Amino acid sequence: MQQTADRTVAGQSADPVLSIRSLSVTFVGSGKPIPAVRGVDLDVFENEVLGIVGESGSGKSVTALAAAGLLPGSARIEGSIVLAGRNVVTADADDLRRMRGQDIGVVFQDPSTTLNPLLPVGRQIVEGEVAHGRLAPVAGHARAVELLREVDIADPENRARQFPFQFSGGMRQRAVIAMAMAGRPKVIIADEPTTALDVTVQAQVLALLALRQKETGAAVVLITHDLGVVAEVAHRVAVMYGGRIVETGAVRDIFAHPRHPYTAALLRSAPRIDVTGDRLDPIPGQPPTPTDMPAGCAFHPRCAVSAGRERCRTEAPPLRPVGAQIAACHFAEETTVASAGIPASARTPL
Amino acid sequence: MIGFVIRRLLHLIPVLIAASALIFFMMYAVPGGPVAVLVGENATPEQIAEATRQFGLDKPVVLQYVEWLWRALNGDLGVSLHSRVPVLQLIGERLPATLQLAATATVIGLALGIPMALVSALAQGSWLDRVLSGWSALALGVPTFWVGILLILLFAVELRLLPAASTYVPFWEAPWQMLRATILPALTLGLYVSGIFARFLRGSLIAELNADYVRTARSKGLTEGAIVARHVMRNAMLPFVTIVGIMLAGFIGGAVVTEAVFTYPGLGRLVIQAISSRDYPLIQGSILVILAIYILINLLVDVLYVYIDPRIDFG
Amino acid sequence: MIGSLEAATHIAARVAARPAALAALVFLGALTLLATFAGALGLDPLEQDIVRMLEGPSRDYPFGTDELGRDILARVIFGARTSLATAAGAVLLAAAIGVPIGLVAGFFGGWRDAVLMRVVDLLLALPGIMMALALIAVLGRSQAAALVAVGITGVPTFARVARAQVLSLRRRDFVTAVEAFGATSSYSMFRTILPNSWSPILTQMVVLSSVAILLEAALSFLGVGIPPPTPSWGEMLRTGKEYLHDAPTFAVLPGLALTLTILAFDTLGRALSTVLEGRDTVVPARGNQP
Amino acid sequence: MRAVDGVSLRVARGETLGLVGESGCGKTTTGRAIMGLVASTGGSIRFDGQEIRGLSRNDMRGVRRRMQYVFQDPYSSLNPMLSVGDAIAEPLRIHGLYDEMGGDRWIAQLFDMVGLSSSVAHRRPREFSGGQKQRIGIARALSLKPGLLILDEPVASLDVSIQAQIVNLLQDLQRELSLAYLFIAHDLSVVKHISDRVAVMYLGRIVEEAGKSDLYAAPTHPYTQALLSAVPVVDAATQGRGPRIVLQGEIPNPSAPPSGCHFHPRCFRATERCSVEAPAFGLVAGTRTEAACHHPGPGP
């Protein structure tokens, strides 16, 4: 996938297609309630790829599944999620169902389990469209073939009749992308879509996802733990930690000038193929678990900037504009380029 | 398809041979050996010698087995020691009764069990689920012979609506009478098996409802009804078909107790009679037939699998 | 092993937190106590009161009397002793034979697995009651024969559970790790795999207890189980069935005791399965249809 | 099925050899074959100059003392029934060396070496996070003072911020104890960071092996080139990126690999010869790199 260095943040002036305000998600079960998401605000605009990055337990997947209305019954959801003018949180089951397919589509992580093993792939791809009455059952096969062709699957005529076990991992994920896009949705949630794939296949699938996004003008919310994937595919990024967004802005700005100490530390700690260095710079300690969240800023026990600062331990920092982006740190101005950036001399050409 | 069935049948040959050997040599484990069984404990030496020769017991054991097996393959399972009637004929008289009872009971079990499992799985954790789960625990836990006795007490002794002893009436000859004659044992077995069906299917339905592909189907905007009908049911049916097959096979010959409660003339009671009178050719013959039927039902289940699951091909 | 007692207490507490399981535990506890101290209660299951045969419940005989004028309550309580003891023996026998078979088959694989599992499949092919009947035909009728017959029918279940457990554990890295350290096969099998297999085996033992009680009662009901005059629930049902017109409680009350005991074991087994393995879909693996 | 075919590797004392490849390439099987955990059907494995393939069970026990394995999944590699202290001591007990190696003092020292307090020794594995469990797994592997550690994807299941901690720990331990590492991974960035030399596997064969800087700067095998180019890089955000080699198709089924060079159906340089003749593994002219390719050379 070739990208020009000059990527504009698209559509910022228009209304967002997906707008999340003060979203909190708590899972209640037999044990202690688990607050997985603790106050998230997020806008997604048409014709852009928004990356959400974070480690396990950061709440990135829960946020995205909440937007698609796919959380299990044990989830208590507060706040609002407005998708194409309708609030997902308060919508009833029928409204929600009608929004799926045409307003929102989902690509899941593990393509080996997201398809029903007993039904032909083609039928599964157009099933939603047929169920919504947007496609006549007799036209199903032809439409499935067309969709498979759009995601570069060779011999779509026969492939549509085959079953998932006859597809390779990458082909299954292409089929899932075709399925998510079958109803031309305004927003596509891609939850770790390439984590289960090999790196050469990941490259194919990411390229395809970016191409289909550009062709359809849909908004894509890409959830991943891989900073490299965000850097290559996303236009904007939201970094999540401990159930909150700690920093958000254009990918270029954030990767060049991270303002939140967590973002900076994450960029420094990851081993990189394009950089030669002797020693990694790890983040000390563990990511917090939702049931055991530190008071104040959730990152303070692992943060170098917060050392000895009372305010970080007691007061949760709000998101505020810092430089070109928005960050949630009381001392965001202290996170400098030098502490985060990689010296150009260390870069090795590929 | 035919090739598949033939291959499966070929695989079953060693199983049948091993089983038949086991059944045959069982007789030699009896104290006193097979001769004692044939002539009784107080026989004279002449009687023993006569029986030994007559039944070929003076030949090597392996040869006896091979001869027995060869005759069995040719449809000759010997003669009942007790009634001197060919074993195959005795079994032939009882088999239709057993098959009819087993089929009726399975139909009752499915008619009760499948809806119960569906309601339970879709309303998981609700009071309705708890009531139905309790009911299925009761249905599969309460001994069938006690249920049978209670049913007799209610319908035969108190209400005098139905006969206490059931008889075999072929369905195609007199369907209404057949129902009257068979309903109590069929209901007894049907209730029991509905508990097994409901509990098992509920479990696999719940497992399937939590599968990733169901979340995918929801993300496409399918109704819950369509998800259950088109996606979940089919996947949950795979293990369920096996259980139905096992239960159906179990009723052929395994419904001994229920047949005894209602004095129903089935295969199970034939075996009981054979065992209590130590009628070894009859025991061997009926167990062999029961095994053969079990194996056939398993084959049927395998064939059904091929139709439900595209991952298994005929090859 | 440090903390096993602690773990056992923890599991017991979690099982007891489920009301149905608690009720089952209390019932089985009371029944065991009654059965153990039945003699000390002054009850006699064999004493005949020949002027009072086939009576309904009364002040003297709360459960009534049987066709020989014996106290049905006493016989039900002594029947519990027969039933529980036979079932316990049978389940232990089944586990003692079945678990090693499954362990060996799963651990060594290859021809051992093929041969052992073929035999197990063969045993599974016959309905449980049919196999028990055939064994009794060979062994003759006695309480020991009933125990062995019921026990042998449980062997395939334990073999399968143990084998499945070994196979799933062998895929886990900590078992491979022990091999990588240079441990012997017996070390991996008895020190690593077996201690990690007790929960499904224990669950299966409780579940199979209900099957064993049912099967023993069925054999006695058919007249080939525990020989009279030893009191057994199945035998009482068999006789009681002949007097449904005159003394309906004769068949009904022993049947109730039997049913409650079976349900209690079943409930307990499911609770254990939920607590230990996180799923509650235990279907008695051995078709027990009488 | 032939999972690994004619693989040759050398690891020198105190050195890290990275073994990279995608799923089904046989890298884990290679590691396990060296440990004798899977049977190998041919070839030679020499350890400290001694041939260990075909050793008796007893002799192999001795070898296993000096070579240990660290597993990918810290959740499944620790016995849930043992306390972590017992887990670390288990290899010592199996070899009957617990007291000889220093008993409790040595165990406490091992906890210290991997950055944990020995006061947690009585706890069960479930009380630890993934990163901590991996530290325990490393301490366990070190308990017999081995010379070689086979590390099978030791950081793949850890969060990014924890991966760096473990990588640094492994580097420190290697320096202190002059350990040799065979580091098996699919993540080219981690491998680049920790290795001295790197070998790339594809469908059961080594396709290229070189010193780290040569391999990453000037790969000669088309597969290595594609693999390196496929890795998403953070700098793309600010610098953009050059042309990428996107391979066609996917990794074939390892049980039925293609004829000739296994990579030829996906290769952008394949010729007639590649589909017929398997290329020999050898030094590429004018480089210090060894590769198995009929048409080695700089990228497209």
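Letters are used for the chains, namely A, B, C and D, taken in the order the chains are written, and counting of residues starts over at 1 for each.
Note that in this section a residue touches a chain if its C-beta (ideal position, glycine included) is under 8 Å from a C-beta of that chain, and two chains touch if they have at least 3 such contacts.
Computed from a predicted model, the values in this text were never measured in an experiment.
Distance from the chain B centre to the chain D centre is 54 Å, each centre being the mean of its Cα atoms.
Centre-to-centre separation between chain A and chain C, using Cα means, comes to 53 Å.
If each chain is reduced to the centroid of its CA atoms, chain B and chain C end up 22 Å from each other.
With each centre defined as the average position of its C-alpha atoms, the distance from chain A to chain D rounds to 31 Å. Among the residues of chain D, none is found touching two or more other chains.
Within chain C, not a single residue touches two or more of the remaining chains. Interchain contacts close the chains into one ring where each touches exactly two others, per the touch definition above. Of all possible chain pairs, the ones that touch are A-B, A-D, B-C, C-D. Within the complex, the chain C residues that touch chain B are 118-119, 121-122, 125-130, 133-134, 136-138, 140, 210, 214, 217-218, 221-224, 234, 237, 240-241, 244-245, 248, 251-252, 255-256, 258-259, 262-263, 266-267, 270, 279-281, 283-284, 287, 289-290. Contact residues of chain B toward chain C in the complex are 14-15, 18-19, 22, 26, 29-31, 137-138, 140-146, 149-150, 152-153, 157, 164, 189, 192-193, 196, 199-200, 202-204, 206, 243, 246-247, 249-251, 253-258, 260-261, 271-272, 275-276, 278, 283, 287, 290-291, 294-295.
Contact residues of chain C toward chain D in the complex are 1-3, 172-174, 176-183, 187, 192, 195-196. Taken in their complex, chain A has these residues touching chain D: 1-5, 55-56, 168-171, 198-204, 206-207, 225-233, 251-252, 254-256, 265-267, 269-274, 276-277, 279-284, 286-287, 302, 342, 347-350. The residues of chain D lying in touch with chain A in their complex are 22-23, 129, 131-132, 159-165, 167-168, 171, 186-190, 192-193, 213, 216-217, 226-244, 246-247, 250-251.
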